[in-house]
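The first chain written gets the first letter, and so on, giving A, B and C; residue counts start at 1 in each chain.
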Amino acid sequence: MGQITLSQVTKRFGDVEVIPPLDLQIDDGEFVVFVGPSGCGKSTLLRLIAGLEDVTSGEIRIDGTEATDLPPARRRLAMVFQSYALYPHMSVRKNIAFPMKMAKVPEDEQNRRIEAAAKALNLGDYLDRKPGQLSGGQRQRVAIGRAIVREPAAFLFDEPLSNLDAALRVGMRLEISELHERLATTMIYVTHDQVEAMTMADKIVVLRAGHIEQVGSPLELYRAPRNLFVAGFIGSPRMNFIEGAEAGAHGAHTIGIRPEHIEVSDGPGRWQGRIAVSEHLGSDTFFHVHDTGLADVITVRASGEVGLRHGDTVALTPRADQIHRFGADGLRL
Amino acid sequence: MSTKASRAAARLMISPSVILLLGWMLIPLGMTLYFSVLRYNLLMPGDNPFVGFENYSYFLTDPGFTAAIWNTLALVLGVLVITIVGGILLALLLDQPMWGQGIVRILVIAPFFVMPTVSALVWKNMFLNPVNGLFAHLFKALGLTPYDFLAQAPLASIIGIVAWQWLPFATLILLTALQSLDSEQLEAAEMDGASPLSRFRFIMLPHLARAITVVILIQTIFLLSVFAEILVTTNGGPGYASTNLTYLIYVQSLLQYDVGMGSAGGVVAIILANIVAIFLMRMIGKNLET
Amino acid sequence: MSRAVKPQRKALNTVLAWGMGLLIFFPILWTVLTSFKTEAEAIADPPIWFNFSWTLENYFTVQERSNYFRHFWNSVVISVGSTLIGLIIAVPAAWAMAFVPGKRTKDVLMWMLSTKMLPPVGVLVPLYLIFRDLGLLDTRIGLVFVLTMINLPIIIWMLYTYFREIPVDILEAARMDGAGLRDEVVHVLLPMAVPGMASTVLLNIILAWNEAFWTLNLTAAKAAPLTAFIASYSSPEGLFYAKLSAASTMAIAPILIMGWFSQKQLVRGLTFGAVK
């Protein structure tokens, strides 16, 4: 079980309100990602759930039981920290055993769970090493192992991949997703990287300045962002925003169109522009188009290699069914 | 990271220290203040009448007091000057490439670990003694008359002994600070054509400022209370020639059993120490907060 | 110092530095040498350097005449005892200040350190009287108490600076893993802080071993540690240089050796972390 409910939760540090009143429901077995720019309060929110910080007001329930004032040790949650927070003086085995030792799990049961975790996470060869002798990815696995053996109600991840290099990050992302498939335990995952959010989440919570901007599945957020902030934050490269007459023509203050929803050609089209920079990724090519008279730069995507170069004049045609319309207040129309 | 529970735990965990230190400070302080306005001598039993500031006026007009103030100042400043100048020179020397640097460091730091009574007695007898001391032997070998250091120049001798004990401390700290100086800075200055002297003046000395401040602060705390060295060498004499404030109060309270007068002296010592402390803290504040 | 140095220059440095080092160390060396001489050799003019009949007799005499080991044991009990008790009181306080800092934490720390500024002589009279009335004069327990209080601010400060270098994440991880406060401190914080605690302990034993105001004023014979025992040699009878040297050598040797091992940590400890 791992159902977490936040009602009217707030957090202040002195006079600064970090989290204004907030409601959130996390269902059992869900993979929920808190995403937002740095300083948006996503880590604070995670720490409130963990019990590492007090809520200023409001209520947190875990599996229906009031947990607002429970110490972290008694919330049955496990956390994986950005720095991994392994105990440097203990071997990997002792690190993984620590939560069970605290819970007074019998020795043979401890060993059974350690072996199982070591096998699942490929840590068998490292059990007697100290964390200092491990690579970043291995440390990450130990931290996850330490979380798994507790058999917690929910896992909390605080930007767990941000200290890894790019290649490892992709691998660990998959491993964590697989872990979730296998355990089917609730996971709450904090990141500032929208790619991680999109690829891993069942449910994304987009935060800005402590406010929840939108909650939904990755595709809901992609297809129907509730406001300009979410529209700009979700999706890579970023959505193009166009104001003025062109927007007015669609009956909106601002229109948004994703780079992958614009056709680019050297023939006639709806808009004209000149290619300033082209980025060739092999599978895709991104063009940064200037002088369209719409916005400073319009980013478009073409699949594969296209024979267009810096300085070429191109025609752009947006797909009419993929235009997002926003009002003057920034909300979706 | 703080929750109500952890803050409560923190208060609980810090309270033994706070309560003990508060008691340690306030109870004797209160008693000193109280005794200082009584006529209270352990040799004269009976009631201890309130006498107002009588003890203070006796203490402050005592010829020993003025002498003790000057001696205390001379002792603190004398030792500070010797140890800081000597410490900088020694640190510069030890920072140079050489063979056996580790052993030299061990030799230089050793006096700091010698207890005050040992160093005072060793110096007094085996070096400064006018008949059997090594210096007397040396003087005679050079055809000079042996000099009775502790009788002729008691304060200077004590300054010398105390400086010997503290020179290692200053050297070690200044050396550590010097070694943390980025050698690229010095090389850059050398490329810019700075002479060794101006490299010292404009790069090393500013870099050492913080360490020097720390040395001054810590040594001053200890030097204001020099006691054992005086007790075992000169007993403060001849006359008051080597009596510092600490020793004067000790004589009045524990040798003459004058609790009232000793307490008044104690209060004066506390006030003076606070003046010095405020002065030091100002200086430190400027140098340490960066 | 990556630059190559001319060997002549290095040789000159070596000679100068060794000269200064030996000069500074000489009184200690001389004391140790003298402790192995006879009394007559000890005051010989011209002085005898190494060419004397080495003897351990002075050491035996010191022990027989004045029960040296009792005073040695007093020193051990007082310095180790006060340090350990101080540590027990200081660990929780340092934990609180390092990991649950509040607005006033810095002020509390500064206040604790400022108690070191209080001149001992300012509270000599009341403390002496309290000790007399409680029967604590010339007892080891009394001295342990006083030295604990004197060194407590230093212990707290040192532990505080060491604790602050431990990432708070790791303590939070322990909390998430189900550790209570006691488990967090005992199983996680203290094992990680072992190097820092070791240097704290060393430095405080050294300071307490050499403390020579309270030990001289609050003891007479029974509980006198080595500082006070050595001071009793200040009114000599007859020839005593060799015996003084033997007693002195025994009094400073343990601390000298400890000090040499801990000189690196010493800088940091003594400067409250201001110089590293």
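Following the convention adopted for this analysis, a residue touches a chain if its C-beta (ideal position, glycine included) is under 8 Å from a C-beta of that chain, and two chains touch if they have at least 3 such contacts.
What you are looking at is a predicted structure, and each value in this text was computed from that prediction instead of being measured.
Central chain (C-alpha centroid nearest the global protein C-alpha centroid): C.
Across A-C and A-B, the chain pair carrying more C-beta contacts is A-C. Chain centres here are Cα averages; for subunit B and subunit C they lie 16 Å apart.
Between the Cα centres of subunit A and subunit C there is a gap of 54 Å.
The mean-CA centres of subunit A and subunit B are about 60 angstrom from one another, to the nearest whole unit.
Across the assembly, subunit B contributes 1-2 as residues in contact with two or more other chains. For subunit A, residues that reach two or more other chains under the stated contact definition are 51-52, 71. Shown for subunit C are the residues that touch two or more other chains, namely 172.
Subunit B makes touch with subunit C in their complex at residues 1-2, 6-7, 9-14, 16-18, 20-21, 24-25, 27-29, 31-32, 35, 90, 93-94, 96-101, 103-119, 121-127, 132, 134, 137, 140-141, 164, 167-169, 172-173, 176-177, 180, 183, 187, 210-211, 214, 218, 221, 224-225, 227-228, 231-233, 245-246, 249-250, 253-254, 259, 262-263, 265-267, 269-270, 273-274, 277, 288. Within the complex formed with subunit B, the subunit C residues making contact are 1-3, 5, 9-10, 13-14, 16-18, 20-22, 24-25, 27-28, 30-31, 34, 43, 45-47, 89-90, 92-93, 95-97, 99-100, 102, 108, 112, 114-130, 149, 152-153, 156, 168, 171-172, 181, 206, 209-210, 212-213, 216-217, 226-228, 230-231, 233-234, 236, 241, 244-245, 248, 251-252, 255-256, 258-260, 263, 266-267, 270-272, 274-276.
Looking at the complex, you find that subunit C touches subunit A at residues 167, 169-170, 172-180, 183, 187-188, 191-192, 194. Listed in rising order, the residues of subunit A touching subunit B in the complex are 47, 51-54, 69, 71.
Within the complex formed with subunit A, the residues of subunit B that make contact are 1-5.
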